[in-house]
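Below, each structure is written out as structure tokens.
Both of the next two complexes hold chain A, though its partner changes from chain B to chain C.
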Partner chain A sequence: MLSPERRVSLGSRRPGVIRRRLRLLPVLPSVLLLALFLLAPVAWSFYASFTDVALSGKAARDPSWLGLDNYARMFSEPGFPLALWLTVVFVGASAIAGQNILGLVLALLMARGNRVLSRAVGVAVVAAWVLPEIVAAFAAYAYFSRDGTLNQLLGLAGAHGADWLYAFPMAAVVLANIWRGTAFSMLVYRAALADVPADIMEAALMDGAGGRQRLFFITLPMIRNSIAGNLMLITLQTLAVFTLIWVMTTGGPAGASTTLPVLAYQEAFKFGDIGYGTAVASVLIVVGMVFGVVYVRLLREAKQ
Partner chain B sequence: MSAPLRAGRPVWSGTTTAASALRGRRRIRWTANAALGVVGAAFVLPLLWLVFASLDAEAGHATRIPRQLSLANFAAVLTPDLLFVPLANSVLLAAGTAVVNLLAAVLAAYPLSRHPSRFTKPFMYSVLFGTSLPVTAIMVPVYGLFVQLNFLDSVPATIFFMATTTLPMAIWMTKNFMDSVPIEVEEAAWVDGASGLVALRTVVLPLMRQGLGVVFIFVFIQAWGNFFVPFILLLSPSKQPAAVSIFSFFGQHGAIAYGELAAFSILYSLPVLLLYMIVSRGSVQAFAMSGGMKG
Partner chain C sequence: MTTPSLPRKTLPHRTEARRTPARRAGLRAGSALLAAIALLGLSACSPAAPQGTEAKTLKVVYQKTDSYTALDDVLKAAKAEFEAANQGVTVKLEPIQANDDDYGTKLALSQRSAETAPDVFYEDTFKVRSDVDAGYLLKLDGYLAQWDEWASFTDAAKAAGRADDGGIYAVPLGTDTRAIWYNKTVLQKAGIAVPWQPKTWDDILAAARRMKAADPTLVPFNMYAGKATGEGTVMQGFYQLLYGTGSTLYDEQEKKWVVGSRGFTDSLQFLKTLYDEKLAVTPAEALDANVWKRVFGEWLPKGRMGATVEGSYTPSFWQKGGAYEWPGYTKDMGVAMFPTQHGQAPGGVSMSGGWTLAVGAKSKNPDLAFKFLSTALNRKNALSFDVANSQIAVRSDVAADPGYQAANPFVKDVSSLVGVTHFRPATADYPRISSAVQEATEAVITGTQTPAEAAAAYDAAVRKIVGGDKVIEK
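Let's look at the complex of A and B:
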């Protein structure tokens, strides 16, 4: 950096411009990192999705241009439409419905229930979220396996269990992801509920509003920004889930729990077709970008 | 929220309605507690297996109280190859990622916080947009990029990549923390002739060290738990962190050694549980809102 005296003299001779530019210099390392490791891969992903670049062999060294072939292939093979559908199911059931609603319900219950109990339940919910994802995935795998805890419980109740990971792989990974991720929504909603002014609640109570009316006409509208922000974030997080599914089912059996990240991984690394793998990845990136734009807009509006 | 509800006694209510309202509130409280108990039990159950199996020399998939408490599983995994080398690799990766992240984020946050210009807002929103990229989606292209640049199986390159994936979040958090340090403290240092970066190091950073700690731990936890990135980018077993080595171990011995798998999982999870306990004291919100929800 420049010494203070030099900066002052420079600034006084050429007012402002250079000095103001120089002030931005410390941002450079971050910009370089983001350009090299985030922007470049995204750009390369779009480029490679139009080629037949492979993991090994001739197409690895000298890939040729395919145009839209990879994208056309997506819709002629059953793998991609199925994975797209399963991704929608996974995000819809485990994040938008499961984590979001359970998180809100937990936050509401904690505001009414016993304080010690609330804290204990909070610790249990957060523990599943803080654990390294691979450990959480192992625990979920053991829980749903043929002689696992779930079937033990069903046995106690006199019911016959199933081999969940083979018979109902999507249900198993959806429940596992609800277990894994609800803590985030719970924390968001606890913070949001704490910000709802007490006097508004009191006024509604005075007017004779019942519990359900207070929830739907006062509480939920007041925390709608948190709800929207939370939905965006958990959707993005759930779109990217790979490890949980990979450890529990490796996307099987026969692709029955293969979501888009798992499909992109399999095409690129198991079948060595980086071109097709990046095409699948590019679709996922575009979906992420759409949600990202909406999310940024939402936050800007909330701030203005 | 429960306090105002209890305080909000309708003025017009006679004794009978007051009594029934009290009964209603008790019923709500009881229902809430019961529901909380059920959900809490459902969340604890999968974790219970981990604890019981680790202490049971004959553990399987099933959850059961060990017939005989035994530390044999822990003893079996406490070897350099199984545990110490992978854990050391995890420390290197996670700490390296956190340090790179913190340095880049502090440098970037300083001009953004202290010298706002017309670039500041667009830059911050682009960074926020960057947080929304699904990282698993870019792993295939990142692998391709690493092959081209000859970065594959390089620990420093992996550290820089992992740091970049959490950098957008870190920049937002760091800028918010820096914004809360009043500029007046710094102006005194400027008057004394200190340059911007000197003032940053001697005045601003010490005042925001708690915030920096939160950012550091936040990034460290993310990197420590990351499985997919090192799984793709690091090939030699001698460089792989615990997240990846535990997966290979599971693939090879999992069918027989569930107890050891559970013991390994617990030892590997302890550091992040402890770190989370440190940050969650008073700043759970900062942690959860790190996505910029409070912008």
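Let's look at the complex of A and C:
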């Protein structure tokens, strides 16, 4: 079995190098495509953030170099700090707390619950995830809007609903994002829980560990890897959420639900200030990278 | 080339020392493949075959929505006419389905590269100057001098496409004015005599309060506010107020933006009164970008709204073939001039805008592009556009046409407002200033700022946008 391969290797002058090169060949197209369609725009966006390039006016024809002016402007205008804070709230409340914990709880309940019931719950949760983002956004809008489903249900119960998207825009988009994204965490945790060996659980049970103790001292440490991986994915996904917020509130009222992606879009395309818009987008990229590094560290520690 | 390319020095420098041999090999192989792909890309970019001189295509970009198809119809007619007269030329119509803001963005993005830039496009008058600055529009002076129909355009219309250098870059399709549109039956039920013509702002408030007293479920008098309705907020709202106080947004003589004006605060105060006393729609409704659809489609036809400030194109929504057909509008609706603050001269105020057709600066066939533009704007096509879209004619031969004058019962009233109308300062800074105004109105109607605070925030925003030396205290 070894012999033909061996013969070929012996025949070539630098067998290791060539084989290693050939081994890289299959991934090259994807690396190149990534560089072309992902890295190049990101690099351009970083570059543009140091200029006053605009959609119209003189700066569109002949943009000039501004240095760090766009970044200095962020902190002199109230719009940016507010958007940064709202982004943190949005990610914290809807991804790290909402989707993550709810997903874990659902997965734990489904592992021991009635099979028919847990299947039904699974289908209901995954349904929101399967919807395209724009459809899910319209559904959430239709639910929370003034004459929407929620207020109609409240009306049936005799209560008088508020104008949710206007009075509580952040709460509405956070709930909508939890609804839409929980399925992902639930699926990740179901797979992780299935991998927790039953004999360890049994041993713990024999030693007299209670349900809570088993959860905190056995289950959670054993699926730590999945928790970190899941957190990383949903955080990055939630950081980038745009359609959902844009459809539901357009970032309003008075900027009360404008997260960084919405702010970047407004600055670049509504006000035509591409330079400032890309500066906001660059900050978003950096925030994403910081989260990424933190989670990768967590993963590494988990492995040790 | 308008896209700034990546300068060499920002390319990442890797530290050679840290590369392992395997990685280096991979990188080398990678760079070889990159070079190969780059070569492929280059050869793909070079023209595959020389194009036949006869097979030419004109790309025409314009706006089309579910409630705005008038231009689409006219351009389709112009395409048939033009292609019959110019054998071998294909006109490719590319409507963009979007609201005004998004249309402008999409158009500007397409103009950043010669590959995607249109030959002929639909352009808002207030963007002409800044887009000329950006190098998107072709100067038309040479073509217009040889176009005999150019003489039939009014002087104001000719000025609409003029840029800072004095050249003309765009030809208007029509213009518009803004007025108060009121439902006669709603006013009469509240005991207000029609035809109604308020003389001051207080007259408006008094009438609105009477309507509210007669039926508390009504929306007596609506003016748009907030960022969601975009230019509608300022054109059909705030500017009607501001230009009626004697103040202005921009001093044309000094070429400076006005800050700290009493008129600005007064105008915000009027909006606050209107919204606080629930005489207009609720703030939540005002912040819905689709509120105007309910004004035209629901509240006015159903008698749930007394009056609103809207454009002269209002009948286009209700007439046959409009988005919200309502045969009764000719009988039930009335139109009144928006008054000045205290009734001071000239007694009324209106705002005008309008859209044009222009030729792309990057067009490969500018002669044909202008020829198509002149076909789309000839007498027949201009007439059918102005009638279908309830526009105020800018060609004297169209204005004199009996078909135009009989298009709807309000043509005469809204056309007469040209005498008191104002235009937006069409500088490159305008879109941001407009947005700052919209923000001020939003802050006031939602109660997050008082009129004085919002005006101060606006002043600060203007100073930041144009710089301290380009503002004037008035």
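Couple of notes before you dig in:
Convention: the second predicted complex is superposed on the first by the 259 of 304 C-alpha atoms of A that agree within 3 Å, B and C clash if a C-alpha of one lies under 4 Å from a C-alpha of the other, contacts with A are read in each partner's own complex, and residues count from 1 in each chain.
Heads up, the rule we're going with is that contacts are C-beta pairs under 8 Å (C-beta built on N, C-alpha and C of every residue); 3 or more make two chains touch, one makes a residue touch a chain.
Everything numeric here is computed off the predicted structure, so don't read it as measured data.
Once the two complexes are overlaid on the shared chain, A:131 sits against chain B while remaining clear of chain C.
Residue contacts after overlaying the shared chain place A:154 against neither chain B nor chain C.
In the overlay built on the shared chain, the residue A:101 is in contact with neither chain B nor chain C. In the superposition on chain A, A:48 contacts both chain B and chain C. Of the two partner chains placed by the overlay, neither chain B nor chain C lies in contact with A:68. In the superposition on chain A, A:215 makes contact with neither chain B nor chain C. Once the two complexes are overlaid on the shared chain, A:20 sits against chain B and chain C alike. When the two complexes are overlaid on their common chain A, residue A:229 makes contact with chain B while staying clear of chain C. The larger set of touched chain A residues comes from B, when the choice is between chain B and chain C. Look at A:271: by the touch rule set out above, it reaches chain C but stays clear of chain B.
Common to the chain B and chain C interfaces on chain A are residues 20, 24-25, 31, 40, 44, 48, 53, 146, 269. Listed in rising order, the residues of chain A touching chain B in the complex are 1-4, 7, 20, 23-27, 29-31, 33-34, 36-38, 40-42, 44-45, 48, 53, 102, 105-106, 109-114, 117-118, 120-121, 124-128, 130-135, 138-140, 142-143, 145-149, 152-153, 179, 182, 184, 187-188, 191, 193-194, 196, 198-199, 201-202, 205-206, 208, 211, 226, 229-230, 232-233, 236, 239-243, 247, 260-261, 264-265, 268-269, 274, 277-278, 281, 284-285, 287-289, 291-293, 295-296, 299-300, 302-303. For chain B in complex with chain A, the residues that touch the partner chain are 1-5, 7-8, 10-11, 28-29, 32-33, 35-37, 39-40, 42-50, 53, 60-63, 103-105, 107-108, 110-112, 115, 117, 119, 123, 125, 127-145, 160-161, 163-165, 167-168, 171, 193-197, 221, 224-228, 232, 243, 246-247, 250, 258, 261-262, 265, 268-269, 272-273, 276, 280, 284-285, 287-289, 291-293, 295. Residues 17, 20-21, 24-25, 28, 31-32, 35, 40, 43-44, 46-48, 51, 53-61, 63, 76-77, 146, 163, 165-167, 250, 252-254, 269-273 of chain A are the ones touching chain C in the complex.
Touching chain A in their complex are the following residues of chain C: 2-4, 6-7, 10, 21-22, 25-26, 29-30, 33-34, 37, 101, 105, 108-109, 112, 127, 130-131, 133-136, 226-228, 282-285, 287, 289, 428-429, 431-432, 435, 439, 442-443, 446, 448, 464.
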